[in-house]
Amino acid sequence: MFDFTLPSLGADMDEGKLIEWKVKPGDAVSKGQVVAIVDTSKAAVDVEIWQDGVVHELLIEPGERIPVGTVLATLLEPGEEAPPQGAARGGRQAGARAPAAPGAGAAETARLRISPAARKRAEALGVDLARLNGSGPGGAVTLADVEVAVQPGAPKAPEAAPAAHPAADRNAEMRRAIAAAMSRSKREIPHYYLSETIPMARAQNWLTQANEGRPITERLLMAVVQLKAVAAALAQYPEMNGFFRDGRFEPVQAAHIGVAISLRQGGLIAPALHDVGSKPLDQLMRELADLVKRTRAGSLRSSEMSDPTITVTNLGEQGVETVMGVIYPPQVALVGFGRIMERPWVEDGALVALPTVVASLAADHRVSDGHRGALFLAELRERLLRPEEL
Amino acid sequence: MNETGGKTKAGTGMPVQPGRPFAHRLLADMLRIRRMEEKCAELYGAQKIRGFLHLYIGEEACATGAMHALDADDNVVATYREHGHALLRGVPMDAIMAEMFGKAAGCSRGRGGSMHLFDAARRFYGGNAIVGGGLPLAVGLALADRMQGIRRVTACFFGEGAVAEGAFHEGMNLAALWRLPVLFLCENNLYAMGTALDRSESQTELCVKAASYKVPTLKVDGMDVLAVHEATRRAAQQVREEGGPFFVEFRTFRFRAHSMFDPELYRDKAEVEEWKKRGPIHSFSAQLKAAGELTEDGFLELDAEAEAEVAAAVAFAEAAPWEPVEDLLRDVTTPGATR
Amino acid sequence: MRISYREAMRQALHDALASDPRVFLMGEDVGRYGGTYAVSKGFYDEFGPERIRDTPLSELGFVGAGIGAALGGMRPIVEVMTVNFSLLALDQIVNSAALLRHMSGGQVSVPLVIRMATGAGRQLAAQHSHSLENWYAHIPGIRVLAPATIADARGMLAPALADPDPVVMFEHAQLYNMEGKLPDNWQCDIERAAIRRPGSQLSLITYGGSLPKALDAAAELARDGIDVEVVDLRVLRPLDTETIAESVSRTHRAVIVDEGWRSGSLAAEVMARIVENCFYDLDAPPVRVCSEEVPIPYAKHMEGAALPQPAKIVAAVREVLNV
């Protein structure tokens, strides 16, 4: 007999709500099989099991909200006899196994078996690997599985966010999740804040030129130029990019920038735009548009939720001049951009009116110091002054 | 033939009195080796020289007598106690000292160190630190000469410790079987590291072993530079004329430990002191003085010359640059060829 | 023209002896006997006892003499009867041949070719069935070759002799009787691995005596519609990582076949390079088919069970492809 517990599906996930069981007692399950759908307050996520077995007892009813680590079901090992009636363990006691410190000791989830080639291809094609059934040795997801999945007519996995959830509920949950994450951030992360005013005339001129002759749908936005500039600056200052976990900083080489996207119904999600540093602006623009669309449609991929290594928030559209953000744990920095507006500027001893933007940095003092933060912002300014190199 | 220019005792071919310039050359060369190695010991203590350092002090008559009996074109294969052999082969002391320091100006570009002195232009093939490892190489060098019709002797130095190795027996057999011009020169200093000859060999008469392969032999006092020279000269002459190998045993003694790591627990101080009375430099200079061929001032002059050469070599080695570490992978294979 | 591997090797040796007076052949029973595997049959009469030099049973001595002769300006080909006996000469190969260039600071090179038979499969039992190519492939300073085709038997010796550094050449004893067509363009390099059978689903990487087994396995798999590429390493040191990586990046899967024992094998080295170079292209963990970790037994069925065989290779391929 073994337990199936609620895994942590994101660093900030403390609890979830069971939406649906995909199995019933007596069903044989195999490693990698989706057995339940759980709402993490941001999205409905398929939850897989990591061990072969036979479902013995489902302990949690759909609709229940449970902390990470709660035993959702018990299973028999392949070939194991079912214990006599009454000997089954109750779910509530098992639920007490939920970790005391949310997030810190969350139940370890076994790693999905995915071949490196399948992983690479899936990323390129935007396929959610967690939804695939593996055909390789040991049930591993292979390259072929990924390619089959993107062919037209491929069996669709159930759409996320079933309509069964009234919007009001969702919003309340999201509010709670944001509250938890931001409280944790302000409780744990010693923030420091810096800002820098950056002349944007060159960037604007360059963007105007670059967009000349393009159809509206293919035009680049300044937001993409800014994201790319942030990624370029991160390459020089890796201590702004990564995670602070278990008392130490884990730098990440690729810049997976969480783009703060406000939702129409209220609330905020900052899903990852992957590998911003290594992608051309055109591709980033397409991906950003897609990301915004899917975020607002509630169909994000799990990796987009858990991968951001830094967050960029742009409140320029809302008219503010300066943003002082709150870092999204376990990230270690947040970059904010305000409105691009003409300000008086002294250039070569003369006072002129120039378009400028205030870029701000909120960074984790456990990982970096103000000196490095200042250098990072200076690097960001230099990058935005040379948009043609981005 | 007597290339020393001295007088010959009737019937023996052994010179009793070498010509003065030649005798002074022998003495000067023994002093050069001695002073160089004393300096090496000092520099080892100062950590300028590292690794293994096997000193030849006490055995200088062997290399000095033997090297002067070889032609400049002959091949020489030596052991890891080869500083003196390299020096008398003509490798500049500067290059030897730089090698000991590990500098790129060393005779093996700092890649070999004390045990692997090489000089291809002078046909000095190392510097072999596997006991007995040089014997098959010497056989092969001689084979190449024979097949190319080159009349040349390959002199192969080794210690009595090598006699216990299979390579000695295989090399001796091949050289004799194929009648190859190899001059086997065994420097028997009585101890293979710390193991005395009679504790490692059932047959301690080494010439008997060589003779069992039908190799002609000579055994001489390795503390007597003239005796060494004459024996080597005669043996080399026979090899050159008749083609087959020759085995010469020099009975000698090293005054210092096996290497700088050796606490010398295996032999009596008294034995060392006894041998030191017969020190090759001391006894040869006394012999020359008695014959009126050397004055104390003359000796001091030779000694000062040796000291000056050593001082210059140390200065050279000190000043020489290190090889850049970017060159680490060079000289593993020969560049340019089929790669 | 159809010839045997033995004949191809004989022609290569004959060419070398006839075209360069510095070349000579030395080893146990290479002369009057005609070579243990009859590769040098007739040479003694044609080239004479100086250049077809019979040696005593002194592997350390005559391999060392070969090194010395190479230093002295010759181009010796030393034949060691089998890899098993080469252990007696290991000191000279590893401590002299491989190191002299480096220890002398680049002053001398050792242009020596050492040939030896290798491998099991003829019920010669534990002391005559070793496959220790990986020992030699571990050593910087020597090049290690494994001709496994008629063309390579014919073509590899000339570039090996032209190499200024020591070359160790392994001839799998099971290959000598293999017959095949000698292509017109048998001249070859001793740099690159070769793709012996192109394929798309998996790279079967091997060398020496295991190549025919791998090709048999590939043919059997092809009958079931499984398309496997066969890569012949040919040069075991320095390994041609580029060809290996190119193949595996394309097929996404690898099975390595090596008659050496698995632990510390060449197969392990190849696998390491695949993982280093192709990790993100792999669609399944690479798998090795090696000899079982037992001295090679005498009894035929036990010997067969100890060695890589086409059936084991087929099974390994199926495991990796999950078909």
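Quick notes on this structure:
Chains here go by letter, A, B and C, matching the order in which they are written, and residues are numbered from 1 within each.
Following the convention adopted for this analysis, contacts are C-beta pairs under 8 Å (C-beta built on N, C-alpha and C of every residue); 3 or more make two chains touch, one makes a residue touch a chain.
Everything numeric in this text was worked out from a predicted model, so none of it was measured.
If you sketch which chains touch which, the chains link end to end in a single open path, with no loop closing it.
Set against the C-alpha centre of subunit B, every other chain centre is closer than that of A.
Averaging C-alpha coordinates per chain places the centre of subunit A 53 Å away from that of subunit C. Centre-to-centre spacing of subunit B and subunit C amounts to 41 Å, using the average Cα coordinate of each chain. Averaging C-alpha coordinates per chain places the centre of subunit A 75 Å away from that of subunit B. Considering their complex, residues 252, 279-285, 319-320, 322 of subunit C touch subunit A. Considering their complex, residues 75, 106-112, 116, 118-121, 125-128, 130, 133, 135-145, 147-148, 166-167, 170-171, 173-174, 177, 330-334, 337-339 of subunit B touch subunit C. Within the complex formed with subunit C, the residues of subunit A that make contact are 115-120, 135-137, 140, 142-144. Chain contact summary for the complex, subunit C toward subunit B: residues 24, 50-51, 55-56, 58, 60-74, 76, 91-92, 95-96, 100-109, 140-141, 143, 159, 162-165, 189-191.
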